[in-house]
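There are two complexes below, and they share subunit A, which is joined by subunit B in the first and by subunit C in the second.
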Partner chain A sequence: MLKKTPMQFQINKVFSLTLSLVILALLIPFFIGSRYVFHVGIMALMNLLLVTGLFIMTGLTGQMNLAQAAFWALGAYGYSIMVKSGHSFLTAFFVVIALGIVTGLVLGIPTMKVSGIYFSMVTIGFGEIVRIVLLNWQNLTGGGLGIREIPKPAFFGHVLNATSDFYIMAIVFVIPCVLFALFFFKSNLGLALKASGSNKIVSEAVGVNTFQMRVIAIVLNSVLAGLAGVLYAVYYGMLHPDAFTSAVSFSLVQMLVVGGLHSFVGILLMTPVLSLAFEYLRAFGEYQVIIYAVVVLLCVIFCPIGVGGRVEKFVRDRYVRR
Partner chain B sequence: MSFAIFMQYLIGGLAMGAIYSLIAVGYSMIWKSMGLLNFAQGPAVMFSGFLGITAVTLIPKGTNPILATILIVLFACVVSALIAIISHKLVHEPTLKTALKMRNINYEKMNILVATLAVGIILENTAKLIWTGEPRYFALPIGRSAIIMGDVVFSSLNMWILGVAAIIVIFLQVFLFKTKIGKAMRAVAQDKEAAALMGVNVKKSLQATFVMAYVLGAVAGILVSPIIFAFFAHGPILGIKGFSAAVLGGIYSIPGSIIGGLILGVLESLGASILGSGYRNAVAFVVLIAVLLIRPTGLFAKKVSEKL
Partner chain C sequence: MTVMSEDKKKIDEYVLLTQNVTMSFGGLNALEDVSIGLKEGELLAVVGPNGAGKTTFFNVVSGIYKASSGNVWLKGKDITKTAPFRIARMGMVRTFQNLGIFDNLTVIESVCVAMHRKCLKKQPFMTMREFLNPWGKNKEKAIDILDFIGGFKGIENELCINLPYGFQKYLEIARSMAAEPEVLLLDEPAAGLNQGEKVEISKIIRKIVSSGVSVMLIEHDIKMVSSISDRIVVLDYGKQIADGIPKDVICDPKVVSAYIGKPVSKAEIKPCNPEGFFEHTQKTGSVYE
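== the complex of A and B ==
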């Protein structure tokens, strides 16, 4: 067996410390036990899923997605419509994944040649069209009334009802996705994706098909957002198009930038913090959104690599020497 | 659809289109000079609609309607110009400065976009705080009567909008081509370094461009609010319609943006009459996506857009 070098030892120390902190953080709501804390936890995990998708699409390939709420809504509506029409949870779940893939391809393939700000405008247009269709297609989506009384799923004969059940479900959803993302970034495909985002010409010169990479990123994003949509539909049990406005998409992009555009660790760190902050800023009533926007502005001006990115850089420089 | 109804839709569409043109010109100016898409533009238009509501209450009842309107527009323009200067000094300049230090094009683009988004959100919620979250009717003193031509009936407000927009566009052309600061703005838009070498104050010109864009937006806000009500959530929609108009006509050309706005307004109005008014807003987005996919340079542009 190889002897452990100090560097490996340090990485492992950092790794195990992080792991135990993560587990502790996930258990906090059980210690406190109030429904509100569980609710905030579910929101944080849902945001984490959405921002992970955004990170793959916007952070890695550099295509700003301003319609994350629309992808989210498609997942939620797809799930609810399937369940309402009498299908099981699993069927609906796989339909949402398929829907996510189809949405990703439908948006990704025609827009392959559009990039930069033009692409973000296409996504804004896409987001608004989705919302308008959800509002107006009365027969399918319930229009302005939304969808109500979505049946709660049951696992092993236990119907999910308490807030803590949904919290556990959110954890079950989020952890595989985050692990998948972590492994994905280390894989060849993930590295190619990263390369296509950081320098298009160079990556094409070494044989990366940048168009393909972009489509893959959009598909992954839309599947992850669809899963978040399933969580939303299951947790709330009702849907309304107004929950998926462009303002929601904007706030998710803000979370991404504050977390760190190129730092997944930073995002894992900051998204829950920001979700918590957003919930607790409700104490300021109508000033909540303004304060949040000012915080984002300060972050963009004074810490352009993101607060989470800064923390990651600090830890890396300090404890993981190369 | 009978001819009279078609004409009514056409006139309504042209009036809305003229408003989109004003917003589109603002986008086009900022885009040309800074390569920057300003997401705060739409909220600024919305904000000036509310400024108009406040101005109406400040003006005494018996004033001549045309004079009152001019005062309202002036008030909105001045406040919007102040907003432009403040947001430029406090947000755009520092963001651009830190972003340039990063030497990473992704950070640069995203950070400035997010910064303008944040400014837009602040504007929206400030409007919500000051003027409540309800849609509010804005009674412009002019354009209250109806014009009847045979079977065709429409509000005289539409004519006023078209007239004011035309005057503003002519003023803008004179300003850009005849005055010193306008020429400086055009020079900076063309080539910053060359302009700086010729003794143009680039910083000042950029700021002037911003102010001009916001002033155009303020006029658009005053004109649009009597039609669609002043409502804090209208910002992004107005913004994206202005941008769609600019892209439709070619975002690098100001006349293109104006024509794009008019086309978009008419398409939207006719589209709403065919598909139903619920899909009215979708028309602009479909047009935007179609143009971007088929001809990203816009209908009237000469210059090829950058693809990277």
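== the complex of A and C ==
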């Protein structure tokens, strides 16, 4: 049996520490008890789900996705349409997962030969198509007015109404997804995915089907974003296309870059922090976006490998190269 | 494709065989009617001056380029139009002239990638127990392979990009070996290495051949090539100009001419050994060094 190296101990420590902090952070809103804090918590968790998907697609396989909001919207609208037409929460939930898989395949298969900036352009186009369809397919999506009065789900006879209920629901959604992602990154499949993003030609030369890996990444991202969409629809109870603009997609990419394109630890740390920062910067009125942009810019300039990348590098420098 | 019985015999004789392979880029023929066969357990070197088409030949054989005409056979199967990852899965793995490493993967992860498929079939995801010790079984095997190549003790968890150049070269070979190949294509494994490292890598290559893997090697260092190869094929301007045992090939006036860029007679190549070849090409101005 192999002995663990100091590096492994440290990495495991970093993971344990991060997980403990996350658990602690999740409990904070219950201590404060304010509706606004719960709301911010829900937004942070929703963003975490979206950035986790983005991390798989953009961080691991290197396909810059600039239309995460579109994947998110498809989940939200898919769920709302199903629930409004009388289906149960569970049916709508599984339909959203299926829709995510189909969307991933529809986007992934035809773009098999497109990469780099061209793939980013494809995603921008995809985002616009989704937005225009949502805006113009009046009968199905409600057009510019969107969908209103989405029925609240009930579990064991309890209808979700309080903000804390939705917060708990967000935790129930996000924690398994994050754990799945952690398992996935450390699996054989996750490793092959990471390799295909790192060097396509070399990974093919050792037997990795990079096309398959790309499609898997897009499908996983699509499903995770779809689940975030379900959360959105359940929480807000109404939808409109303006909530899913490309500006939202860009802010999610910012969170990914600041957290670290290759560091899931960074994503876990920085996505909630940036989501909270964005909310609390509202106090600065119209300066909110400028301050947020400066913070992100400073992070990118002084920490191009992301906060998570910096943390991992610190651990590696300190405990491996001695 | 219908294969004549004589061809069939030839295809069966070699573990890897190219038949009249031509590769054209627009009006330029980078390879012209190249027919090279690699026997089981053999170490075959492909040499030639810069621009001879050696790497193009490897790219065609490994499926990165599709040959304009001709065929490539691996273990009796036509792989001319086969995708690179399928070729790798069939048992032929390659390394790259310009370092091909996974920048953001650690040494051990990098080796585990080559083993991912066999493990994927058995277990796509891991159990909770394996979570804190990922790729457990693979890891032990990866350590064995790294030990086989040698020199990686204590740096298994280092990022590939942080390794010294020589180690990155060794790592490429280790990663290829992890895929359990029957045929290994090594594209200039000694390029950029010092004399000591070249001796070391020569030993590693011989060790790989003695473990039963057939190796095709591209290398510029004639001394190294002639000391370790069973057979040498020489390419010049995309054409095959010599094929034989090292002793004969380095004394071939056509080969020496290709290297120095002007005609040379057999009498001028003295002594007829790697040193003589080296001295002559140095004296008269080799086009490759």
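Note that in this section the second predicted complex is superposed on the first by the 293 of 322 C-alpha atoms of A that agree within 3 Å, B and C clash if a C-alpha of one lies under 4 Å from a C-alpha of the other, contacts with A are read in each partner's own complex, and residues count from 1 in each chain.
Methods note: contacts are C-beta pairs under 8 Å (C-beta built on N, C-alpha and C of every residue); 3 or more make two chains touch, one makes a residue touch a chain.
The structure presented is a predicted model; accordingly, all values stated were derived computationally and were not measured.
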First, second, both or neither for A:I175, with subunit B first and subunit C second: neither
Touched partner set for A:R316, first subunit B, second subunit C, both or neither: second
Touched partner set for A:V202, first subunit B, second subunit C, both or neither: second
Subunit B versus subunit C as contact partner of A:I290, first or second or both or neither: first
First (subunit B), second (subunit C), both or neither touched by A:H262: both
Which superposed partner A:T210 touches (first subunit B, second subunit C, both, neither): second
Subunit B or subunit C, by number of subunit A residues touched: B
Touching partner for A:S187 - first (subunit B), second (subunit C), both, neither: second
Contacts of A:G125 with subunit B and subunit C, given as first, second, both or neither: first
Overlap of subunit C and subunit B interfaces on subunit A (superposed complexes): 198, 201, 262
Touching residues (chain side subunit C, partner subunit A) in the complex: 62, 64, 83-85, 88-89, 93-94, 96, 100-105, 109-110, 112-114, 116-117, 119-120, 123-126, 131-136, 138-140, 143, 156-159, 175-176, 178-179
List of subunit B residues in touch with subunit A within their complex: 37, 91, 94-95, 98-99, 101-102, 104-107, 109-111, 113-115, 117-119, 121-122, 125-126, 128-129, 233, 236-237, 240, 243-244, 247, 276, 278-279, 281-282, 284-286, 288-289, 292-293, 296, 305-308
Of all residues in subunit A, those that touch subunit C in their complex: 2, 4-5, 7-8, 12, 182-184, 186-189, 191-192, 194-195, 198-199, 201-210, 262, 316, 320-321
Subunit B-facing residues of subunit A, complex: 58, 62, 64, 110-111, 113-118, 120-122, 124-126, 128-129, 132-133, 135-136, 197-198, 200-201, 245-247, 250, 253-254, 257, 261-262, 286-287, 289-290, 292-294, 296-297, 300-302, 304-305
